[in-house]
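In what follows, structures are represented as structure tokens.
Here come two complexes built around chain A, the first alongside chain B, the second alongside chain C.
Take a look at the complex of A and B:
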């Protein structure tokens, strides 16, 4: 089965700065993929390239289309929330539904109204009178009413309070994730999306440093909890990251550590946050892996 | 096409209050004016004759045409001023309110998006305002004539003669609007494009560029270019709205003479329309369209790159 997104050797430059550097990955259908990276890592650039808003070198195929040349056609089957609270302030929810009905061939006004009833936004509400969290909910309700195959979300919860973020992710799970449609969600709030994801892509300084199904993380990476006496031995084994855990320290290895080192510690489940810290703070260990 | 129409509808949704005001204010002003005893009306056509008369002593049909022309013209002028005031801001409107990201996430081309904005604000909304003004004028005429001469006077007008006059006059002004915008498109669209890039500095920069062009560049060149080009654009745009030379040689001794000439007005306006259309068959018009298209292209380019 063809993947929904196939990227090969993507490269984007802004003047002398390389925003994306030889990025290759693919996203099959029915996946919830987290695109993780610090600010300036290249997440937004990658998303804009995916929806055809910027030109990228390399090969890029999204839903079987060339995003740059077939942007309009692509956006008919791809829903995209590019930022937080960017709906036009002058419009009411009802006007946005009316406009979306005319602009998007796969938009269902009825479904949008149904979804909206599950939020605290009324159809007559003007966007400029809504809180940031309500605007995001309205935007997600509009986007979830599109019969699209792929949803691309760029930092959709940035700046929202905990309750709004929770409401957003609940709505996303309930109304979008059906096992058929895929989601690519960029964020640096790693811990919040971990439970949602099936796969993860990590970007660091424009390079893809990790592309892996979440289920494979435990197989590939090893975290060892250890006491102070084993610290030197752990450090000598060159872990990706050494960090503090409840009651001691831990070391994170890419692969299996040497048996004599493994014997000194207790195996822990490596968390996505630790992996994120490990892979996005040490450029020298950047590496690219296929999904 | 549906999408383009929806994008045009979006312009109406966003700006409808302002445009409704533009459409209604002239009618309201004229309604207020119509309640007063307007002392006189001057009919002056190309300096050939001047007839002064008490307004309500004029033939009723002429009063109706007068109110229609005055209200329509006032609405049209107000609409043009609204367009000129709004135009620079339109180019950066979506970037300013950050909704550009939302609009660009929808399956519409950049050409469609910019095209709908330009078409609505340069042609459709001023055209609608003009038609609203003409319609409002009929209300003004009804109120004015009824209040001074009685409802019967309004009802017994020669409608067979008036309707073609009003319709052709409106159509002629709509054609004039289209052609005037086409002639002025280099200035209008390049100002919009400048506004997209230079933001609030755009208008001062455009004005300064034109002043430098007229006052300095033209003197440096063996043959002046900037001023003649601006003059030609302005002349053609004004002629497109009303080619006054079409009315040269007309002479009226009395208001009744003007009324008697009214049935000929549609044919005269049609001839005038043919003449201004004929003026477009010139290299200058093609150049104007090409430069206007370049301005449009710059707007599309800016939208493609908008952050």
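Take a look at the complex of A and C:
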């Protein structure tokens, strides 16, 4: 089966700034892909390219279509929630359902109403009277009622309290993840979302620094927990990152460190947060170092 | 939300938690396991991770697949688990604990075993 997304050598430039630089990856069906990166790393640019809102150099194939040239057709099978609020404040949930029914060929009003029932939003509620968390839940209920193959979510849980985030993730797992459809979700909540992801794409200043299924992380990276006595030996083996864990220190390596070093520590699970810290840098840090 | 520690892979931690629920009697022998989707939703995990956890439990002989019906808790699973947990305790945890008790001079009387 063809991947739902195939990107090869994507490049997006805004004047002199290169927002995406030679980005290549593919997304199969049935995946929850986390798009991670600092602000300005290129996450929103990538998502806009995927849904055809902007032009990108290179090869891009989404659901077998060219997002820019076949945008209308693509949007029948792809649902996108951008990072800015776009549901009109004056509308009630019922009106939005009616609107979507008229606009979208694969939208099911019945399913939307069913999905809405698991939220705290009533059909008669107006968007402007809803809390942030409820607006996101409503939005997700609407897009999940589209018989789409791909869901693209740009920081959907930004600014939400923990209960709203939990409800969002539950709805996503329950109502979207059927093994056939995929979702691409960009977020800052790396720690929280790690367990939901099947794959990760990590951007740093426009470049893709990591593209890997989560299940493969432990094969490629090694995290070693160690005590103070082994600290120098660990440092000498050039880890990607050294950090603290409960009960001591740890070192993260790309690949396996030499056996004599590995013997000094205890294997831990390399977490996505640590990988994120290790592989991405705040742009300010690079500037002050004259890079 | 659930937190997963940094020791073991997440699927293994889930398998351990499900095994604990089994030991506690929350999951009944001969009864169907909750679906992958239900578990994924409850623990906020990717369904692939849940499948991997169930596979681990299956490999430990705690589950059985009934053709056309789904995944069930294997009869005798609780005993198997208890036995395995006993072995682990006696082999791994007890020796260290016993040494500690000796060093502290704790006797059988001090332990008040009958209470």
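Rule of thumb we're sticking to: the second predicted complex is superposed on the first by the 279 of 291 C-alpha atoms of A that agree within 3 Å, B and C clash if a C-alpha of one lies under 4 Å from a C-alpha of the other, contacts with A are read in each partner's own complex, and residues count from 1 in each chain.
In this section, a residue touches a chain if its C-beta (ideal position, glycine included) is under 8 Å from a C-beta of that chain, and two chains touch if they have at least 3 such contacts.
Remember, it's a predicted structure, so these values are computed and weren't measured experimentally.
Touch criterion met: A:103 reaches chain B, while chain C stays clear of it.
Residue contacts after overlaying the shared chain place A:94 against neither chain B nor chain C. Contact with neither chain B nor chain C is seen for A:231 once the two complexes are overlaid on the shared chain.
Contact with neither chain B nor chain C is seen for A:158 once the two complexes are overlaid on the shared chain.
When the two structures are aligned on the shared chain, A:86 is found in touch with chain B, with no touch to chain C.
Of the two partner chains placed by the overlay, only chain C lies in contact with A:215; chain B stays clear of it. By the touch criterion defined above, A:32 reaches chain C but does not reach chain B. Once the two complexes are overlaid on chain A, none of the chain A residues touched by chain B in the first is touched by chain C in the second.
Across the complex, chain A is touched by residues 2-3, 5-7, 9-10, 13-14, 94, 97-109, 304 of chain B.
In the complex of the two chains, the chain A residues touching chain B come out as 51, 53, 71-76, 79-83, 85-91, 95, 98-105, 139. Here chain C touches chain A in the complex through residues 1-2, 4-10, 37, 40-41, 43-49, 52, going by the rule given at the top. The part of chain A that touches chain C in the complex is made up of residues 30, 32, 162, 165-166, 169-170, 173-174, 177, 179, 192, 194-198, 214-215, 218, 223, 225, 245-246, 250, 268-269, 271.
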